[in-house]
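Quick one: structure below, then a few questions.
Which chain is which? They are A, B and C, in the order written, and residues in each are numbered from 1.
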């Protein structure tokens, strides 16, 4: 029996582990190794250069700019996405008119809203990025021509061509495409919260805003935290939106340069794969710091129900 | 993801981080060096050298060609490939032709993978960095091609049939010629003769007149200038020769050589300030900083702006949107004042459409032979007719009726005579020229977000950084 | 979606929402009398407010998509001159041009092939590994588990360059099977993480009973455990499907063969060609062609997709 068990374990694990080791783990490990070389990525000869790449990185203005942008993305994108997600989900589930038999109820047509909100989630980020590239076009894009049409042409902007706005334009796209998922996710969570919780709170004289913070949020906290990590990973990446949408790419005055795209240009444009992997390692470190912060901050008593 | 797992997510990440540290040494044993094994690319055998086959092309080997499918399209290359097959009938069906706009995205991985094509037209917004390719020894020396007899006249070598300057542009340091520029591009200020006529003005030969024309246009709600704001490295097409005109070609040479304070030359300042004035006076088409080249060209075609810095490919590229009576023309940059070092007419002309034969190409002789065919009279004429651009073969225009833009380009070239400049920044240091000076400095200045003084400082800093960076190979004018 | 339509007239409304409209009691509540009444008045204001906000976001989501559809039916000139105007005539020829000339059709087939195979492989290998990690004790278990899970937090782009050379040395570059293997490998971390916790929630008694009845471990897994894990499999399956269908970076680097492009690559390529050819309408048509099937599938199966994704997320 015992023997059979180990054979079974080995048999089931072998394939996934090998596949994973070859295609995921080994490249990551090699990337760390290459970050200590002057490898060009174009040929197979390279020499070890110790910490030279890291030293370069510390003094590279563009890298720090990219880090700064990633930090902004990491803070703003998850916060806005999850905030809107929670807000809309709360509206959908609790914002409805009171009914005879329920103290709180969802708005009418809530599932229709959910269907629509979810649309962007099923579209490829490449499609979304292309779509918005045209939406932002300063001359005949949807936004400026809409503003023109309703007589608000003073509000017209250069959008992606304006270094002050470019990054925010990207963030808006990332939020736009992800909010729907969290609306659906959170409202599923909310609908599983027993109604009596709300009724009890309302009887105690709490208003809806209070019930949100006293009941809804704490009960959903785990889900919110998971969402934060997912959104964080999306925000850290941002490769596709930068590569497809922005001027350069990388933005006017490097205003949308992010680490992910910098890795790409260093490898596939400048032939400096060694430096590229160094940036990648830095990115890994930022990811880990972020994850640790989120989990630390998230350490809160979990309400069981 | 609920609270189901007994190991909370919170611990998870921390532990996996710790684990990562353990895995590193463990796995490095596993990970045989990925970069190992540059198998000596299996080149095809050489064919028999003969008068008809001076490059000793293998007469039955496959040929792999990738063409940049941009302003010039790809048909001219396809036609040349047909000639190739006609010359070597055994290669029928073996010529693999691909065309793309994203040269770098498509090809860089093939270079990295050691399986590049035999001939590449490395052009466009996404061209691969030439300096890097040369610096990292990725290209084949094209000297055998240049010393081979030309297709039409066996007594002349290919080298002897080319326009002046073309061979030199393919050299980076020393003798080897890495690149053969197939098109011959005239850069400058492009305009529509009919649109200027409608305003009752002529092309302004001095900057004061330029401002007057723009003012006149502004009153009619027409912008003076537009440019591809998304790719502001089009601005140098008229700005660099303007600088050379003001301060002499040494200014551009010292910029190319990344010399300290090269950008601080008064000529640079004067030229920048002149262009900045276009912005300050509101002569730039609204929304320009966000436009691609096609969008800005289209606006220009529609008569919304008078002038655009561009290269001679624009005539073919904008064919679809150009009105019939547009009368496209190109002119050299206007004179700033009487103290200009070079006369009016000084312009930038140089090779375009850089063709390269990668070092690890399987059939490099085939790639060169195709180039030899393309540089023959027949293919050149075909090219000129199809795409209204000159090729680097000196001639080929006889007996052709040239479209207006091309005719004007040729005229401008004749007028320039010796005063043709050829800045090298864009092939020596692509990143510096496009991303940094183009997008980071000039684009910002023309959008009004940086003053000329700040822009000069920025350009100088970018140049200094590149000069200091030992990962970038340096080149110098000789 | 532009007007404040009466929701019950619209499709996709669940039963719960079709409950009888609030009665007179809610409309004219006896003030402060019962909890229902109190909420009723507050609810009314809130109701208008929330509908307002919800509709605004609904418009923000749908308008760009509608705009793309509209643009795809216009001529290039109309796109430039009246971006918001309705198309003067429906130019479906843009669609045929995008489909035939830009090979959108081939890209579709390639994508279906790659994602189909990857998805099956991911689910199979992922559930096998997860089952072992959830249900068995053996030395090195934690190590393997964290190895998988750790992969979730690594930026893929870091591995990209070495991965490229690993693939090259195994002659997997520009092959469908190579791309499929990579997709599977990079989908494993989340799949294993998710399914491990899912298998842990399943009662162990059923599996034990099956084992006692003499079934082998393998049979127990395929005939007892997998069916029980169906809800978990569906949600992680949908998650992986969307992720793999929308993957852009991996094929961009690992799969550059012209004939083997997947949809995302094809579209970006199409956009690049538009930059030189100025064929805007075909580009919009290509975008719409790529969007429509996914949206259609989603609308048809929206309940499954939503339930699948969220059921897993909330145990």
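The rule is simple: a contact is a pair of C-beta atoms (placed from the backbone, for glycine too) under 8 Å apart; a residue touches a chain by one contact, two chains touch by 3 or more.
What you see is a predicted model, and the numbers here were worked out from it, not measured in a lab.
Enquirer: Once you count every C-beta pair in contact for both, which comes out on top, B-C or A-C?
Expert: Looking at B-C and A-C side by side, A-C shows more C-beta contacts.
Enquirer: So, comparing C-alpha centroids, which chain is the farthest one from chain C?
Expert: B
Enquirer: Could you name the chain whose Cα mean is nearest to the mean of all protein Cα atoms here?
Expert: A
Enquirer: Chain A to chain B: how many Å between their CA centres?
Expert: That pair's centroid distance is 36 Å.
Enquirer: For chain B versus chain C, what separation do you get between their C-alpha means, in angstrom?
Expert: 40
Enquirer: With chain centres defined as C-alpha means, what is the inter-centre distance between chain A and chain C in Å?
Expert: That pair's centroid distance is 15 Å.
Enquirer: Which residue numbers or ranges of chain C touch two or more of the other chains?
Expert: Correct list: 80, 147, 153, 162, 166, 253, 268, 313-314.
Enquirer: Identify all positions of chain B at which a residue touches two or more other chains, and write them in rising order.
Expert: 1-3, 13, 17, 23, 31, 34-37, 105, 109, 112
Enquirer: Two or more other chains touching the same residue: where does that happen in chain A?
Expert: 25-27, 30, 34, 41, 223, 226, 268, 288, 291 - these are the residues of chain A that touch more than one other chain.
Enquirer: Of all residues in chain C, which touch chain A in the complex?
Expert: Spelled out, the residues of chain C in touch with chain A are 1, 7-8, 10-14, 16-17, 19, 22-23, 25-26, 35-36, 38-40, 42-44, 46-47, 49-51, 53-54, 57-58, 60-65, 67-68, 71, 79-81, 83-84, 125-126, 128-129, 131-132, 136, 138, 144, 147-148, 151-163, 166, 181-182, 184-186, 188-189, 192, 216-218, 221, 242, 245-246, 248-249, 253, 263-264, 267-268, 271, 283-284, 287, 290-291, 294-295, 297-299, 302, 305-307, 309-311, 313-314.
Enquirer: Could you pull out which chain A residues touch chain B in their complex?
Expert: Per the stated touch rule, the residues are 21, 25-27, 29-30, 32-34, 38-44, 46, 56, 136-139, 144, 158-163, 222-223, 225-226, 229, 247-248, 250, 252-254, 265, 268-272, 275, 288, 291-292, 295-296, 298-299, 302.
Enquirer: Could you list, by residue number, the parts of chain A that touch chain C in their complex?
Expert: The contact residues of chain A facing chain C are 4-6, 8-9, 11-13, 15-17, 19-20, 22-28, 30-31, 34, 41, 84, 87-88, 91-92, 95-100, 103-104, 106-127, 130-135, 140-142, 145-146, 149, 176, 179-181, 184-185, 188-189, 192, 199, 202-203, 207-208, 223, 226, 233, 236-237, 239-240, 244, 259-260, 263-264, 267-268, 273, 276-277, 280-281, 283-284, 287-288, 291.
Enquirer: Give every residue of chain B touching chain A within the complex, in rising order.
Expert: 1-3, 9-11, 13-14, 17, 23-24, 27-28, 30-31, 33-38, 104-105, 108-109, 111-112, 128-129, 132-133, 135-138, 229-230, 286-287, 289-291, 295, 299, 430-431, 435, 439-440, 443-444, 447, 449, 471-472
Enquirer: Which chain C residues qualify as touching chain B in the complex?
Expert: Against chain B, the touching part of chain C is residues 76, 80, 143, 146-147, 149-150, 153, 162, 164-166, 168-169, 173, 194, 196-198, 200-201, 252-254, 256, 258, 268-269, 272-278, 312-315.
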